[in-house]
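Order of writing sets the chain letters: A, B, C and D. Residues in each chain are counted from 1.
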């Protein structure tokens, strides 16, 4: 069998496959389908400083080869997550990544600090790119200076490695990536969802109560690949890639573009077994295209790496 | 029958359906399938100052619910287009929109001026957003000041109405739209393609010779709808909407989001009859959702208009 | 517990205007599902599954019946699937109807349009336990009516249609007052459920709700509904689709 | 002239490893297509059509035969289509082989792998006109060989395989020198065509080319190839897929 293992800051991954934030809750539901210990890691749903109820419904819409969502960061708040959700995930032998969100820089810092105080999660994913929060989240995600600032402040309060999750809704993804690298990010997660909308013809209004939502799924894969490929040439911190993965071939495509591991979001909804199935299928795909390990494939599609 | 007619600056459209630039050549090929006089208008393939051979092949790749292209503005140059292509299109009773491209501001001006000197086209579409040209096209499309500047200068040399074609690869589409409106644009075309990439697993390299390409097709429709909806609330010039249209329901969705007419690109490749079929299907869809004309539906999904 | 199963299509036929009845074969789901649960059905070329209620189960023959209305592209495609094909389903999903009922009770079943199906398997199950049933079923027109005969076989049944082409003309709420009952179960469009819960505010009742779903398993928080519970919300896909009428805010 | 037509599938069967032969029924295309033209085939769930060469035509029975190799998701799906179904096709597309040949000529047909199919209809047509044919067909292994018998029926036929499991071991270019001929027609992978056109530089010949296509009708400029012509390029979908070997730069 091919070597699927991969070491990233704070994460000893037995394979490069993890569920993406927000698409897997805190793991409970999918743990009824399979042993979460099979996963490379688990990225938890976004945590905010206090409980959030999120947006009104409808919160999801189907699109061609994708979907829109505007959940609005519904979550019980960081304290409750640490109290009731993290212990459950700890019962599996799997690294835990906490997705950190907020409306203000202070909220990001507070959430990161709270996770840091427990020794129960392995890394933070700084969600500066959620397009569904109005009060500021979107700003951090499109302005390099603000993104760098929040990254720097979070790094100051936390010993945990920080993966900054980038928004694709920007003119210059490389500028964003460089800014957060300089600010101390240990890695990048990319991409979050593209801002989109669907209009419901019978009501003549945006279908989502929040009007806009984040586009995910196979539809956005070419955008994710392009951004990772561009960023890989300009930054040296590792990238967790995501956006439309549905097959082991897709996983390899992300690795070649420069990702060191991948996250799978929307595909869980259609097939709850997608993550273990990808883990099982990956060795053969690596072999078919001439790679002896995950590590050997990383960045091999990128000129300066390949 | 519902009233499909719509008047826009320089364009008396008998219906709101036109083929999108670059997906219809100069009309010759599709004229073998149907009478081009049935169309609302024809948008020609991009014209540059002199002949261009475009990028190396492969130039297209298929993606989930879409495709990538990196044609690279291949065209015989504005003079030859006026000499050999426009006369053919003139033989049909259909408004002609010339798509203007270039690598420098001077080239845009020269192409626009040349079209202006003939009285054979009805409007210009200023393609400041082609992601496949390296020398500058992409810059105009993501910087509001540069976009405004090229718009202003083109307006100075041309009496033809100018529709500025916006790129979706920006953090703030509204800023782009406002900038070109202030600079004198008569209308907007949106959206052009999203920058994307596909990696070819057997060769471990980007499939397109140009590496990146423009993502089009149904996959990008939610992004187009979102951007048109946002722009419609902030600008008052009309919008020609495009991006993933494949059905008459899609056409209505674009109208509700704020488009006054639509262009159909990628769908022509799968179904050469798509434009006449949409024209035929549209009245019934308008009727089904309670509209007596195209005009009645425009912007009806947008709060400040509906 | 929910599983991912392949279900053989034994038959698919139109039973009313734009309404298809499909009989599916599966051991696990037929053995474990309870009335009010649903299947989350995969339809080719669609990124999200479609929730469809279980309308009937034949435990002996291990079949599950669903009834669905052709609404959009997913149900349109599902309607093309023929006998012999297989569909990929998550199920049984959600929590079903509360079946703890005193033996001498009278139960009112109130269904609107494509909300009728889950009430049939509920009614059949209650009838087996000799519970007295009164069913009020509302449809748009005579062309939309289905399963009238089947409901009559399990109890007193009243049909209303919006245009009066079959049964009484009007809405289900127009005839509610006529009946004495101990508890009601309702499924149908939200306006109907709002009218019913308002009108029957002081009667015990359970309603089955719909919402657009992402995961269908409780992981994505797409389908929440505000409740009076400590959490402040429940998930329709997991905690529902059936709720105590008093508990949720429509 | 190209049309959009629905073609009935009369049969679909595997004729070699990952290689499917499909017989299609259509009046218009069977009456108008010439050797070397292709069909632009719609495959459900795919935004672009697939170009597939016409491998044979039976004008009397109005059938068109295509042969395709399962490469990716489109051909994989096409391979699942069964007798009785219809496929949506643009065709006949492109320009075919030059058929103006002196009666006493000897023609060399050189096919590589899935480049063999268009040469069969060409050969059959030439054989009908009593032109002498020599066919050199190259395949990866014995398992990949198809249509050997059919080519033998229309002329002298030599098979080569990469691994020598059938016919001679080697590449088609290894055996080219052995034959005298007046003109050649070749179709196959680009490296093979490059080798052939280099080797037969001073012989008149025609080659059929492949490129990824958008429209398939000449409108999108996806499939251009540099040429010595005044325009500097030609479109494979419209001006080709067959070109004079001297005219194009591979």
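The criterion applied here is as follows: a residue touches a chain if its C-beta (ideal position, glycine included) is under 8 Å from a C-beta of that chain, and two chains touch if they have at least 3 such contacts.
All figures in this text were calculated on a predicted structure; none of them were measured in a lab.
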- Could you tell me which chains make contact with chain C and chain D both? none
- Which chain lies the greatest distance away from chain C when centres are computed from Cα atoms alone? D
- Task: Would you kindly tell me how far, in whole Å, the mean C-alpha position of chain D lies from that of chain A?
- Result: 46
- Distance from the mean Cα position of chain C to that of chain A, given in whole angstrom: 36
- Query: Distance-wise, how many Å sit between the C-alpha centres of chain A and chain B, to the nearest whole number?
  - Reply: 33
- Task: Would you pick out the residues of chain B that each touch at least 2 other chains?
- Result: 63, 65-66, 217-218
- Message: Give me the residue numbers in chain C that touch at least two other chains, ranges are fine.
- Response: none
- Message: With touch defined as at the start, can you tell me which chain C residues reach chain A in the complex?
- Response: 1-2, 4, 42, 46-49, 74, 90, 211-226, 231-233, 238
- Note on the structure: chain B contacts chain D in the complex at 22-25, 28-30, 32-33, 45, 51, 53-54, 57-63, 65-67, 69, 71, 74, 76, 217-218, 266, 268-273
- Message: Per the contact definition, I'd like the list of chain A residues that touch chain B in the complex.
- Response: 63-66, 68, 142, 169-172, 194-199, 201-202, 204-206, 211-213, 215, 217-223, 225-226, 229, 244, 249, 252-253, 256-257, 289, 300-301, 306
